[in-house]
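Both of the next two complexes hold chain A, though its partner changes from chain B to chain C.
Right, the complex of A and B next:
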């Protein structure tokens, strides 16, 4: 008969242990980020190119009327700042997912997954850590934008924080969901073309949707259905101390759906099994 | 461990409700397939507590697949795996808590320091920062790397990295330690250091060790042996018995006799 008999009673995990694990994962992600200066610089350069060059050029072409949450006429730079903040998070979310594919290939993911804490919790921590990194990038961007005369009301810097956390989680879980379907590192270029660019351009990041509607009603519906639009609007309103309830609802529901989907879809064996077990057998 | 840790109970202090010694690792009827290829076929064996069990097999025998199953990187397709009686499918948390593992590919963060790597691992096991710092310092001392605590892992030699990985695997005081070909790519001295260190863990701390290898000279007569070949267990038991049953004089010949008939053209090492 079976020699397997249970000996120790299971003792579960305390809240303290969960918290230690969470802070450890966020801390390590932060350390890794600090060691990758190029990643920080490129994360900042991208939106700044849009701000300094694209926005300056387009300032004369696009007139922005007074639309909520703005109470006066605004410069185009001011309009696209929230969109660029969301873009930072979009890239970061996809990049974190890239790092999960990369980690999986390099074996670092193994270290994470042999932790005895529940796997769903570990992945959630990983998402939160990625979001924390995106917050560093966004606030660095806001600082430079402030020097460029993009000055939202002071309390806005605080009220935008919860919006950024939520949108960061949504984009991070979307990235994780996509990464679970990626077979190889090289496919990330495909993600750029088929996910990042369409999401960014078919949104309210660069132009207000009423102007899109004038041009093409179909594109307008597409933009309205794009969760990224709602991330942008959530951030835009929060930056001016307001809540866009529809966007909040959309972003919150998408976060839940993407996150649950990502956690269910994340199966380390899938990535490893295709190539045979990592470790040189075969 | 010699210090009175609250995390892991001393092994002999706990009352034993059952007369049968619970194996450190029990593998029962495990099979695994990658699409068309069958990597493991009905594999069963135990690792006793405080024993050194060598999992001997050529490259491609299925050792790494087995390790991926025990560490829950792969889902179990059929069969059962339990660590000190905790079924890894039913209570993975309790099982993984007792398991330390050194994977064959390096899994350290090269840009982080030795201490940072250890603290991260401790956090993954929910060990508080203060406790983790104390244990890290102690373990780094034991592997003779305390002076390198703050340097980047990237600057270590291959043997030092392996020692660090073993120290990391011991940080949460597991009672079962898995090592997947830990000496591959190391020089003679580093290999000898690591083998003697792990054997010490067995005798002094009562840790059950499963050591996967294809190198015969890493095995001692007192070890338990599991011969894995093309996904099947061909022989298991104390090394001397395995050799005797194969009608051989040494482990090398025994291995060749056991597997020789089945080595396919172009297969094997």
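Right, the complex of A and C next:
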């Protein structure tokens, strides 16, 4: 990294240089994740608590209706597995945004942002790094779920990968967009209350939307408009080797919007510069 | 060679499902897993089976007091057989010449000559006869009577009851192991499957069921399907909405598979790759991959599907 940052900024960069930067950032994020064992464990414990405890109580609730992509009756734990996969990515997205706030407070961010490569690319690398970490978490979860008899068809483990990358990018860029507006680490609890919980609960992660519709049509519309719902459905269909085109469209467009928003918000000449002293020096 | 065999598509079979309430028989193609035809039959069709030559499907239409014969080629009703009142289930001998019909309402088993399509005798049994099975050697017919709670052993030559074995409440279905060593009888209310030694004619063991979170009364075993190697039995548990997979040697349940509501009867495809189950309340048929022991699909059929048979 330092070799890049200390050098004079030339006009263009070779693909090699872009790649060096990408691997550098992804590597650092991966190392950070692996060194924080507690983080890995907590990232797994959260969905597993839902799976082992919450789902156990609701086991019999859903065996009454067949909804795509399922072709037969399923137990509740099978239903919520894709929602929990998306939840892992949601928390991971928020956590990497939290780490960016931390980086900014600690000054590491400056090292990153003074790199001569385009800022957009740096942030994209950071997103990819966060997504890669979320993939590790999700596949670890899938392994445990498999032992718990949640066994999607074998090719599903492969077909779900592109869906996970896209949803990981969407949730990561959303986190990045939010983190650009957070000045201090302590505000993260607010993010939990105002972003993570509403997004998670007002979605199809825990209950199918027809069930929500029975309860309240307005809540149903809210769930339909929630990008997280579409991330969940994209993952759910992909896990069974199918494509939910509407969800794909929503997730792809949201990813672009959030990402562009995040890149603009992190541009020191636009957002960050006026927000706090840490970023203002950039 | 191995690859070629593995890649070859499974041979498609035709399954017939009797729909008790809509008075129809649904025809299912096991390649596409879709209903290809719905045949109008008499009232309250329940017991259903192919003739041994695979040319005809016999279906007991209880409220019309007869057994209708469907031509498998034209898929339409072509004839009827003279049963007693309210026929429910029936069994045929290995040669496919004699048919034994349990008539639920008059406590008899009717004997029908399938070649002449004529009634040749009656056997008095217990109250509300239902389950019917014939020993692989054709010598013993077993009938279960729902109210008497007995499995009646009937000698097919003399057409006399030679033994009565008491089982748990409301016996619904009986099935011989292919090696003739045991008869399995399901008791709907008792919630068990009694295992009878046909030589000693006594109960030698029981299969019991327990599903966490389900009331005991919801577990009502009815249909039984046993693999040809006599290693695995699949038992339909009625309102428990589950099929129990039972290891025949240890008589223990190894797995419960979630299917539709009130699952009644089961049938294997001839290659034993799949098992079909009739789910009465949810009006559908679930397909189980036998080797993987997984439910792979559920297909909508008519109202209150009851029995299922697959072309040999």
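Methods note: the second predicted complex is superposed on the first by the 251 of 282 C-alpha atoms of A that agree within 3 Å, B and C clash if a C-alpha of one lies under 4 Å from a C-alpha of the other, contacts with A are read in each partner's own complex, and residues count from 1 in each chain.
Everything below uses one rule, namely that contacts are C-beta pairs under 8 Å (C-beta built on N, C-alpha and C of every residue); 3 or more make two chains touch, one makes a residue touch a chain.
Everything quoted here is computed from the prediction, not taken from an experiment.
Contact with neither chain B nor chain C is seen for A:39 once the two complexes are overlaid on the shared chain. Of the two partner chains, chain B is the only one that A:16 touches; chain C does not reach it.
Of the two partner chains placed around the shared chain by superposition, chain B is the only one that A:115 touches, whereas chain C remains out of contact.
Once the two structures are overlaid, the count of chain A residues touched is higher for B than for its counterpart among chain B and chain C. When the two structures are aligned on the shared chain, A:27 is found in touch with chain B, with no touch to chain C.
Look at A:211: by the touch rule set out above, it reaches neither chain B nor chain C. Looking at chain A, you'll find no residue that touches chain B in one structure and chain C in the other.
Chain C makes touch with chain A in their complex at residues 213-214, 241, 258-261, 282, 286-287, 294-298. The residues of chain A lying in touch with chain C in their complex are 59-60, 63-64, 66, 71-75, 151. Touching chain B in their complex are the following residues of chain A: 2-8, 10-14, 16-18, 20-21, 23-25, 27-28, 31-32, 35, 106-108, 110-119, 122, 267-269, 272-273, 276-282. Looking at the complex, you find that chain B touches chain A at residues 14, 16-18, 20, 22-23, 26, 28, 34-35, 39, 46, 59-65, 67-68, 71-75, 80, 82, 84-87, 91-97, 99, 101, 103-107, 109, 111-112, 116, 119-129, 180.
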